[in-house]
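In the two complexes that follow, chain A is the common piece, with chain B as its partner first and chain C second.
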Partner chain A sequence: MPDLSSLWLTARLAFVTTLVLLIIGTPLAWWLAQTRSRFKPAIEAIVALPLVLPPTVLGFYLLIAMSPNSWLGGFWMQATGDTLSFSFASLVIGSVIYSFPFMIQPLQAAFEGPVKQAMQTAASLRASPVDAFVSVAMPMSARGFVTAIVLSFAHTLGEFGVVLMVGGNIPDRTRVASIEIYENVETLNYADAHSLSLILLVVSFLTLLSVFAFNRKFPAHVRL
Partner chain B sequence: MFRDIVINPFFFICFFLSVASLTAACSGPNENSAATIAVATNFKTTLEHLESDFEARSGHTIDIVSGSTGKLYAQIINGAPYDVFLAADQARPERLVAEGQAVPMSRFTYAVGILALWSPTDPDVTPDTLIETDITRLALANPDLAPYGLAAAQLLERLRLDEQLRPKFVFGENVGQTFAFIRTGNAQIGFVSAAQVLALPENTEGSAWFVPPQLHDPISQDAVLLSRGEANAAARAFLTYLKSDPAREIIRRSGYESD
Partner chain C sequence: MSASKLDFTLEAKFSDFALNAAASVPLSGVTAVFGPSGSGKTSLLYVIAGFIRPDTGRITFGEETWLNTAPRAWTPTHKRGVGVVFQDAQLFPHLSVRGNLDYARKRADQSAPGHPEPDIIAAMDLTALLDRDPQTLSGGERQRVAIARTLLTRPRLLLLDEPLAALDTARKGDLLPFLETLKTQFAVPTLYVSHDVDEVSRIADRVLMMEAGRIVASGRTDEVLSRFGLEAGRNPYEAASILHGEVDIASESGLVAVRIGDAVLWLAADLHLDPGTEISIKVPARDVAIALERPDKISIQNMIPAKVSALREAPRAAFQSVTLDVGGQTLDSIITRKSVQALGLKTGCNVFALIKSATFHA
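Moving on, here comes the complex of A and B:
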C-alpha cells in the first residue's frame, strides 16, 4: 500500500490554492467583465498565459524569484526566517499562478451578459454595490462559480511540472501525489504507482463529473 | 497544382520508395558507421569531450542521447534505438544483461564518480560547513533515484549528521537539478558531482570539498553494449576506445576516477 500522505498534501494544496484564487480572482474577473479600459486585452492575455506556457518556464522563473537572493525570496526570509523555496507556501504561489485562468475565465464569462443589466437595475433601486453583488450577481453566476472552483481544484490536483522544478520533493511539505507517482515509476515501484494513479484518476473523474452534472441542472444564467 | 501533387497516390508511392531506398543505402555495410550512445546526464559533458577525440581517431561517429539512468533503462527495455548505454550506476546495466537486452561480458566500469560538497558563496567549504547554523537548506539528489544522492546519504549517515540535517534536506530529481537548486541560491549548499564543479568557469566564487571516496560506497558507473548494437562497428570501437589511455585521461580530468 502506498504512503497516502502525498494524496492528503495534494488535497490540502488544491483546497488552499482554490481558496486564494477565489479571493483574488473574483474582484479581478468582475473588473475584467465591467471595464472598458484599453489595458483589458493585455490583462486578459496575461491571465491566459499559464494555459500556453510550458511549466518549465514558470518553474524556472519561480525558482529564481523565490531564491533568498531575489526581492521576493529575500522579503520572505526576513519576514518568516525561513526560505520561501521548497516550502508549502511556494507550492501555493506556483499553483495559484498555474491555475489562474481556470478561476478567472469562467467567472468573467459569468459576469458578462445579463448580470450586467441586472446589476444596473439593482443600482437604480438604490441597492449598494456590495449588496447588489452579493444578492444579484453571485446567485446569477452560480454556474460560473461552480465551474471556476471545480476546475481550479482539479487543475491543481493534476499539477506536476512546476512542482517538480521548485518543490524539492520533501515528504509532507512538497511531495505531492503526482511527484510520488513519478518517483515510483522511476524506481520501478509500479505497484504503488498503479494504486496512486488509480486514486487520482477516480478523484479527478468524480470532480469533473460533479461540475458537468451541476451545469446540466442549471442553465448558463439563472434568472431570478 | 499543389493539390494535384498532394492527392496523387503515385506521388506518394514514389516518395516513399525514394526515402526507403535512401535509408537502405545509408545503413548498408559501411566501414565507418554511426552509433547512438545513451548516457546518464552527469557524464554528458565529459562524453562530448570524448566524442571529438574518438571521432578524430576512429572515423566513426556517435550520436548522444542523455537522460537519467532510470529513464534510459525504461526506454531501452521498451525498444529504444540505442547501441551503447553509459549508466550512472552498476545496477541498471547488470539488469539489462540479465534480461537479455545487453551483450553479456561487455559490461565494465568506465568511471567512478567523486562526490563534492559545494557552495557558490562560501570561499572555504569543509565538512564543518554542514553544521553552520545559517544553512537552512541542504540540497542533495534523491537517494532513491540518483547514485550521487545515495552516496551523499551514506556520507551523512557515516558522519552521524543525517538525523540533525534531515529537516534541511531538499531533493533534486538528479544531480543536475540539485546543482541548479544551489546555483540559483535556493539552497546555500549541497552535494553535487566533482565533474559539475570542475566544469564551472574558472573565476567562479565559492568552493567545494571533494569527499574522500572511502566515506561512501563507490559511485561506479558502468557501460554496456546493448543487443541492438552488437553488430555495430562504431559501438564496439567506442567501447574499446573508452578503455584506452587517452579516453581515461579525459575522464580523469573531467572529475572522475578511472583505472
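Moving on, here comes the complex of A and C:
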C-alpha cells in the first residue's frame, strides 16, 4: 500500500494554488480583457511563458529567488524564521506561476466579447462597476470560471519539474504524488507506483470530465 | 427641480473619424440625432452616456457637469441617470425577462420621479413574456423589454440608439407605436439616433443633423428635414440634380439634343428651341443608373461619361448616394448599396451615367 500522505499533500497544494490563482488571476484577466495599454502583449507573453518553458528553467530561477540570500527568501526568513525553499509555501509559489496561464487565459477569453458591452448596459442601469462585475460579468463568464478553476487544479495535480526543483523531496512536507511515483520507480517499487499512478489518472480524468460535462450541459453563462 | 437643457461641446478622435460637435438641447420631448451611417451619431450618444470619454469637451445636464476638461470633471455612466436602449437590446442573457426588469428596478433612483412597474409592463405589453428567456424573444419583443427595463431605472434622459435598425420593415411598423407611447405616456426627455427619415418625422420634435462628426443643422423636425429636401411623407429620393447645357440640334420627332460638355442628351420637348439656347435640365437621382462600360442593346439612349467624385450614405440603409462629375458639373445618383459593391465603385472611378428621364428646368 503506497503512502497516501503524498496524495493528501497534492490535493492541498492544488486547492491552495487554485484559490490563490483565482484571487490574483481574476483582476489581471479582467485588466487584460479591458486594457488598450501598449504593454498588453508583453504581459500576455509573460503570462503564457510557463506553457513553453521547461519546468526546470522556471524551477531554477525560483530556487535562486527563494534562497535565504535573495530578497524574497531573506524577507521570508525574517518574517517566519524558516527558509522559503523546500517549504509548502515554496510549492504554492512555484505552482501558482506554473499554472498561471491555465487560470488567466480562460478567464480573459470569457471577459472579452459580449461581457464588455453588458458592463456598459449595466452601468446605464445604474450599476456601479463592482456591482456590474458581480451581477453581470461573473455570471455571464461562468463557463470561463469553471474551465479556469478546473484546469488550474488539474494542472497543479500533474506538476513535477517545478515542485521537484523548489520543494525537493521531503516526506509530508514537499513530496507530492508525482514525486512519490518517481521515487517508487527509482527504487523499483512498481506496485506502489502503479496504485498512485492509477489514482492520479482517474482523478485527473474525472476532473476534466466534469468541465466538459458542465460546458455541454450549460450555456456559457449560468441562468440566475 | 428638473434640468432644463443638455449642453455639450465635444472633440474626440477615433481611429477613422473625428467627432466635433456642439449643441444645446432642451430637455423635453424627442430630439432626433439624424444623419447617414458613419456620421458619428452613435459615438455622440455614447459620449453623452459616458461610455466614451472624449479628449476635450464639456457636457452639462442642467446644473450638473458630466464632463469637463478644465477644471477636470467626470461623472461615470451609473451616476448620470441616463437610460440607454441599444440597437440590439442588450438584454442580460443570464436573466429572464422578469430578471432583467428586476435588475433595473432594484437599482432605480427612488427619489427620481417614475412610473409604477405594472404601468410600464402594460404599456410595453410584456405581461405574457415575463417568464421567458431573452434568447427566445423576437427582435421587437426584445426592444420592448429593453425599453421597459430602461424606464424602470427612472432615467432623467433616454438615449435610443437606432432601436428599430435591427428589425425588418414589418417589425418596425409593430414597434413604432410603442415608441410613440414612450413619448406620450412616459415623457422622458429623449435623444433618438436614427438615419431613417420616416421614423424621425414621426417621432421627433426637433432634429440635430449630423454629417462627418459635425452637427450641420438643428431645429424643428419639419424645418430641418425640409431644408434638406427630406419632408415627411415625401420620398427622400426625389433628390435631383440640375445640369446646364445648350441646345445642339433643334427638335425632330419631338426630341431635342442638349449638349452637356462633350456629351449629348436627347430630351422630349413640346416646345421649339433654337440651337445654341442655354437651358437647364433636371435629373432625378433615382433615374440615374451607373455602368462601368458603355452598354449597347439597351433602351436608355442617354449615356454620359462621368467620374465618381463621392460616395455617401443615403437616408435609407439599403441605398447609397453616388455623386458623379460630368464635365465639371455634378450629377447625383441613388443606387442600392448592393450595386455599389457589385460594381466596386470608388471615388475616382470612370463610369457611364445612364439617364432614364430628365426634364427641362425653368
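In this text, the second predicted complex is superposed on the first by the 219 of 224 C-alpha atoms of A that agree within 3 Å, B and C clash if a C-alpha of one lies under 4 Å from a C-alpha of the other, contacts with A are read in each partner's own complex, and residues count from 1 in each chain.
Criterion: a contact is a pair of C-beta atoms (placed from the backbone, for glycine too) under 8 Å apart; a residue touches a chain by one contact, two chains touch by 3 or more.
In this text the structure is predicted, and so the values were computed from the model without any measurement.
Bringing the complexes onto one copy of chain A puts chain B beside chain C with no clash.
After the chain A superposition, the centres of chain B and chain C are separated by 140° when viewed from the C-alpha centre of chain A, nearest 10. Contacts of A:82 after superposition: chain B is touched, whereas chain C is not reached. Contact with chain B, but none with chain C, is seen for A:64 once the two complexes are overlaid on the shared chain.
Once chain A of one complex is fitted onto chain A of the other, the partner contacts of A:170 are limited to chain B, with no touch recorded for chain C. In the superposition on chain A, A:186 contacts chain B only, with no contact to chain C. When the two structures are aligned on the shared chain, A:125 is found in touch with chain C, with no touch to chain B. Closest contact between chain B and chain C, by C-alpha atoms in the overlaid model: 40 Å. Of all residues in chain B, those touching chain A in their complex are 68, 70-71, 74, 136-137, 139, 142, 144-145, 169-173, 177, 180-181, 184-187.
By the touch criterion stated above, chain C contacts chain A in their complex at residues 49-51, 76-79, 81-84, 86, 90, 92-96, 99, 103-104, 107-109, 133, 149-150, 153, 159. Interface residues of chain A facing chain B in the complex, by the touch rule stated above, are 63-64, 66-70, 73, 82-83, 85-86, 164-165, 168-170, 183, 185-188. Chain A contributes residues 114, 117-118, 120-129, 131-132, 135-136, 139-140, 142, 219, 221-224 to its touches with chain C in the complex.
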